[in-house]
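Shown next, in structure tokens, is the structure this report addresses.
Order of writing sets the chain letters: A, B, C and D. Residues in each chain are counted from 1.
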Amino acid sequence: MMREFLTGGLLHGLLGEAQSSVWMPPEASTFASDMDPLFYFILYLCAFFFVLLMGATLWFSLKYREKTPGQRTSPIKHNGRLEFLWSAIPTVLLVVIFAWGQKGFVSLATPPADALDVRVTGQKWNWTIDYPGLNKSCGPTSVTDPVTGLQGLQTDFYVPAGQPVKLTISATDVLHSFYIPAFRLKRDAVPDRYTGYWFTADEPGVYDLFCAEYCGQQHSEMRGRVHVLTDLEWRAFLKSSRCPTLNPDADDYGEKLYEANCKTCHTVDGSPKVGPSFKGIWGKTESLADGSTVVVDDNYVRESLRNPNAKIVAGFAPGMSVFDSGKLDDRAVNALIDFIKSLGEGGDIK
Amino acid sequence: MATTYIRGKQVEPEMEAPHHDVAPMSLYWKVFGALLVLTCLTVAVSYADLGKASLAVAMVVAVVKSTFVVMYFMHLKGDDRTFTFIFLSTLVFVGIFFGLTFADLSTRDAVNSEWGYHGWANEKGQIIERTAPAHGEGGHEAAAGHEAAPTEGHPSPEAAPTH
Amino acid sequence: MTTTTAPHGGAAPPHGHDHDHPSFLAHHFDTPAQQEASAKMGMWVFLATEILMFSGLFLAYAIARWAYPEMVLEAHHHLSIPMGGVNTVVLITSSFTVAVGVRAAKIDNQKLLQWMLLATIFLAGCFLVVKYFEYSAKFEHGLLPGRFYTADYIAKDLTVPSPLGGPHTFFGIYFLMTGLHGVHVVLGMCVMTWIYLRARRGEFGPHFFTPVENVGLYWHLVDLVWIFLFPLLYLVK
Amino acid sequence: MATTTVEGALAGAAHDHREPSYIQASSGLKAWLFTIDHKRIGMMYLASVWTFFFIAGALALLFRLELLTPNLDLLLHLVGGENAAMIHAKALDLYNKLFTLHGGLMVFAFIVPSIPASLGNFFLPLMLGAKDVAFPKLNLASYYLYVIGASVVVYAILGAGLDTGWTFYTPYSTTTGTAVTTATLGVFIMGFSSILTGLNFIVTIHKMRAPGMTWNRMPLFLWAIYATSVIQILATPVLAITLLLLVMERTLGIGIFDPAMGGDPVLFQHFFWFYSHPAVYIMILPAFGVISEIIAVHSKKHIFGYWAIAISSVAIAIISFLVWGHHMFVSGQSEFAAVLFSFLTFAVAVPTAIKVFSWVATLYKGSISFTTPMLYGLMFLFTFTIGGLTGIFLGALAVDVHLHDTYFVVAHFHYVMMGGTVVAFLGGIHHWWPKMTGRMYPETLGKICSVIIFIGFNLTFFPQFIAGTQGMPRRYATYVDQYTIYHELSTVGSLILGVGLFIVAIYLLVSMFKGKQASDNPWGGASLEWATQSPPIEHNFHDTPHVDTDPYNFPNIDRSASIGHH
């Protein structure tokens, strides 16, 4: 009871519940239920001081407004005691807020031993989530984006309720940030480096997943859904065929690679998007931005993956991310080339 | 030059022409000689294989040389104290810049070695096995010989597992 | 114009306020001493900004050394210590000559002042010539910064960025530091030539030598940066 | 010529023979463009700074209108393209360029030079009792550096466009095809203008004070400008080297920030924020100075806690260099550094709190006249306090994990920047308008506009706090429709705010020519600038005033019941 009261919980309980939906999204993780009391504690503290200060300003303004010109005013210059009080009290309160804030933050970095290991990789404009132990990999699936009405890519992230999950986040090209408002958690995805946090989702449901670090053109559409599953649903998910891992031997390996990496910028129906369409591109002589031409063959595709800005097709802007051998090994590149070949030859179809 | 008095208190003493004490030529020669000697010293020391200490020695010599230049050639010695204050406070801010940046860089592995890992991917994109820096020295002195070298903890000795 | 009051205010100042206005005193300053003190303080504040700018590069060097100690130690063998040493001596001598020049201005020895300024400009020129040879040696061996790093016996080929933490980082920082320092040497030479021309017209003397002193201060700072740059890049093992 | 004491000058200035003011001293475009008179340079800065404010402000209105609906409905029509996907992609690019232009221009071209360069340039020598700044030619050079730098940035953004945000984070800024190099060159040049202005002010304050004006007889506006100049001197060079490294990274690929070449993007954030956090104090400290002047003069009462306010300005200037890490709590920085920066961030909050409490205490037992500047002063107390208090949420580590890079941050810095600096700038302009132009602004219209701006401002940015806590991320062109209500309120508010600011600009311009004649000291101010003609003569004072009281000794302070001692 005491702890509840001390952490503003009682206050939060009395007032908070009523407007928890006004300020905060639903609390869906243990970290959220730790963090919200601190948020409300700061909120009520600031509201109290703000009302005090604005009340004083309003009252002084009205009481001491200039009634007669040349009206005498008090010669008070300073008051040592008052000035000490209004320096010491804020300092003490701020130190309390600091101590409470850092406790929750540091605990994020020490996951329990039995946490489910999940690897998150952000690349230009979608997330890929791998479950190393469970042979599952939830890549971006194409879906009609409810906001823009266009074909977009969204990732579905499945998480068991009540079980700690350890996220190890990285990126392949630029900075992204894996942000789930309902869990109150976010951490930047930094290329060639691992960052991360752990959480326990305790409210089954479907929540939003955003990218919170500006990453270019479709930063605002790098969205996803987080599905917190009950035990029953989680076991069903493990057995289901959803989120298959990319199986290099399968014949549609090339197509799966295309969907995971190329689909956001290159279409297969002939219409150019951020980059040229792959339909009928194989063997076609493309005119480049610098006037020269190149025949689309193995070497051109391989070079465009390893060093994208080398030969850019006329009319398209540079900015494609680098797919070095770490992201797409030679086998993956060959599968991708086979897939492009299968989209029609000879460049006869515009 | 008349001096300005307000109610008997002299205001802005430096308002009247400061007398320029011209240092003897011999002082300049001595400082010049000292600088040359120190340069030869630091080059000679670099050939002796001191390993880790070579940085510290080089920095000490550089600081001594720069104090000579600043005190005598730039006349900071006999000059208005505000210039010395400006010079030293700049070095303090350079120290802050170094210290707090290294506070982050050198403690990345402190809490969780895998996430804090300052892993550098190699050509094939895997995080290469990165041994802790051989002699774990942190940043060196700032541009012009500031005294407090920022001290940082050693990054965790064991290397992170490769993936 | 100057307004000075007798010790107890009130009384008329001892002499008219429009005493002969020395040619070099700007209209908004009250006394030459105030003008000199202001100019010198302005110069010292400017030196503070220079120190802070170079500190950014020294931090980049420190971080490269901290992250890749082997790379820095191995890569800096390609820098020729003799050339660096000669440059250090050249800069220290030029510092000496400009200091003597300032002293000459104070004791109204116009001849010595002009010779010293010329000597400093000449030594700065030598510094740049030595640096030209150093740079051309680097260009030949392909020890260039970043993606232009083609020194074949270290990196394989250009398409794949040279191995992580490869020497390209060290040479990137080397060229940045010495390059920015070189730019400051050139700027120093230009300003000193302008001061030399004014000295030939006899503008400077014991009562007015602030421009010479400020150019001297700037030049000493350029020398200071090199005093730190030389051991860090060339010598330290 | 006997020296006139301050009281003498106050009483005598109004009626003796009127020398031609600095405006009438010489006319013609050449006389203005090549002037070295700090007052003219201040006015030219005021004109250029406000032009950039309205350019960047108009663009903010454009994408505020765009954000009215979750999808890119407005921008889709402005952009051509073959098919829906291509049009959508181009519209997203345009949105990114718009918010980068808004951020870049506002930060570098408007708010950093706003108060110090215009009001600071104009009033620093006047308040010091000096004839001009220490290096007038350098002052003109810094104005031209500012104009050249700003036009290079505008050229870069209007030409190839810039879509990295004003923060230029790598590796995006080193891989994108847009005009990053040109824009950084522009900002690099503007940085020099900032350094030179700071240098000029520091030397002027140290060396050119009127006889008798010791440090505790200096107006608090000058203390704030002094603290700002110290930050400008110590922080801007690091921005110069950061931009140089960024350009070298883009062109030569030296690999300090590029992870594939062995660099670390978080390192760029350290370099960048070492300048940019002190830069936000460059933006707010002059506003504190203006507010100290306005509240003291318009409540005709000695400022409460002179030394507390003066020293807290310098304290903020120093501590502001220790706290930059709070921009990077979730960026992959080490936990140790995050905790260290969070603690230091709370240290910088205390001096700001002391200032706000001292201003409110100044109102106590004063004689408050609700002129337009005073309305802006009181509005500042309201909006800046909200801005300051919301900073505490972002300083607490656990809360920042949720709120970082959301609209909560957008609302926080708009409450501090616009609610703080722009409101104080408007207050300062109205407060000193009679002295600058010799004419009065229309009082009633001024009051009405300040209320419109107050309502418009709060309606625009308060809903964004709630959007932020609900999880709406920053820099989003399209958003999920649960945030629509907040964006609708915010867009309506931004239109009201736009109208209010536009009317202010119009009536100020008109009042420069048609406003009624202003007396030399309309508000009964006691600092030196009120002791000379309005508009002031070319070399400021007939004869150098000497000072023997502090600048807040208003005539109607009741000294008989002297409770407070000196």
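By definition in this document, a residue touches a chain if its C-beta (ideal position, glycine included) is under 8 Å from a C-beta of that chain, and two chains touch if they have at least 3 such contacts.
What you see is a predicted model; the values in this text were computed from it and never measured.
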Chain located farthest away, centre of subunit A as origin (C-alpha): C
Chain pair, A-B or B-C, that carries the greater number of C-beta contacts: B-C
Rounded Å distance, subunit A centre to subunit B centre (Cα mean): 40
Chain centre separation (subunit B, subunit C; CA means) in Å: 17
Cα-centroid distance, subunit A relative to subunit C, in whole angstrom: 47
Centroid spacing, where centroids are CA-atom means, of subunit A and subunit D in whole angstrom: 32
Multi-chain contact residues (two or more partners), subunit D: 206, 211, 234, 238, 259-260, 262, 264, 266-267, 335, 546
Overlap residues in subunit A, where contacts from two or more other chains coincide: 106, 109, 192-193, 195, 324
Sequence positions of subunit C contacting 2 or more other chains: 5, 9, 30, 34, 37, 41, 45, 48, 52, 54-56, 59, 63, 67, 160-161, 164-165
Interfacial residue positions of subunit D with respect to subunit C in the complex: 1-3, 130-136, 138, 195, 198-200, 202-204, 206-208, 211, 233-234, 236-238, 240-242, 244-245, 248-249, 252-256, 260-264, 267, 271, 539, 543-544, 546
Interfacial residue positions of subunit C with respect to subunit B in the complex: 2, 4-9, 13-15, 30-34, 36-37, 40-41, 44-45, 47-48, 51-52, 54-56, 58-59, 61-63, 65-67, 69-70, 81, 85, 88-89, 92-93, 95-96, 98-100, 103, 106-107, 160-161, 163-165, 206-207, 213, 216-217, 220-221, 223-225, 227-228, 231-232, 234-237
Residues of subunit B touching subunit A in the complex: 111-112, 114-121, 123-127
Touching residues (chain side subunit A, partner subunit D) in the complex: 22-25, 31, 34-35, 38-39, 42-43, 46, 49-50, 53-54, 56-57, 60-61, 64-67, 70-79, 82-83, 86-87, 90-91, 94-95, 97-98, 100-106, 108-109, 146-151, 173-175, 177, 179, 181-182, 184-188, 190-193, 195, 208, 210-221, 223, 267, 271-274, 317-319, 321-322, 324
Footprint of subunit A on subunit D - complex, ascending: 70-72, 82-86, 88-89, 92-93, 96, 163-165, 169, 171-172, 175-177, 259-260, 264-266, 299-302, 304-308, 329-332, 335, 338-339, 342-343, 346, 349-350, 353-354, 356-358, 360-361, 363-370, 378, 381-382, 385-386, 389-390, 392-393, 395-402, 404-406, 466, 469-471, 473-481, 554-559, 561-566
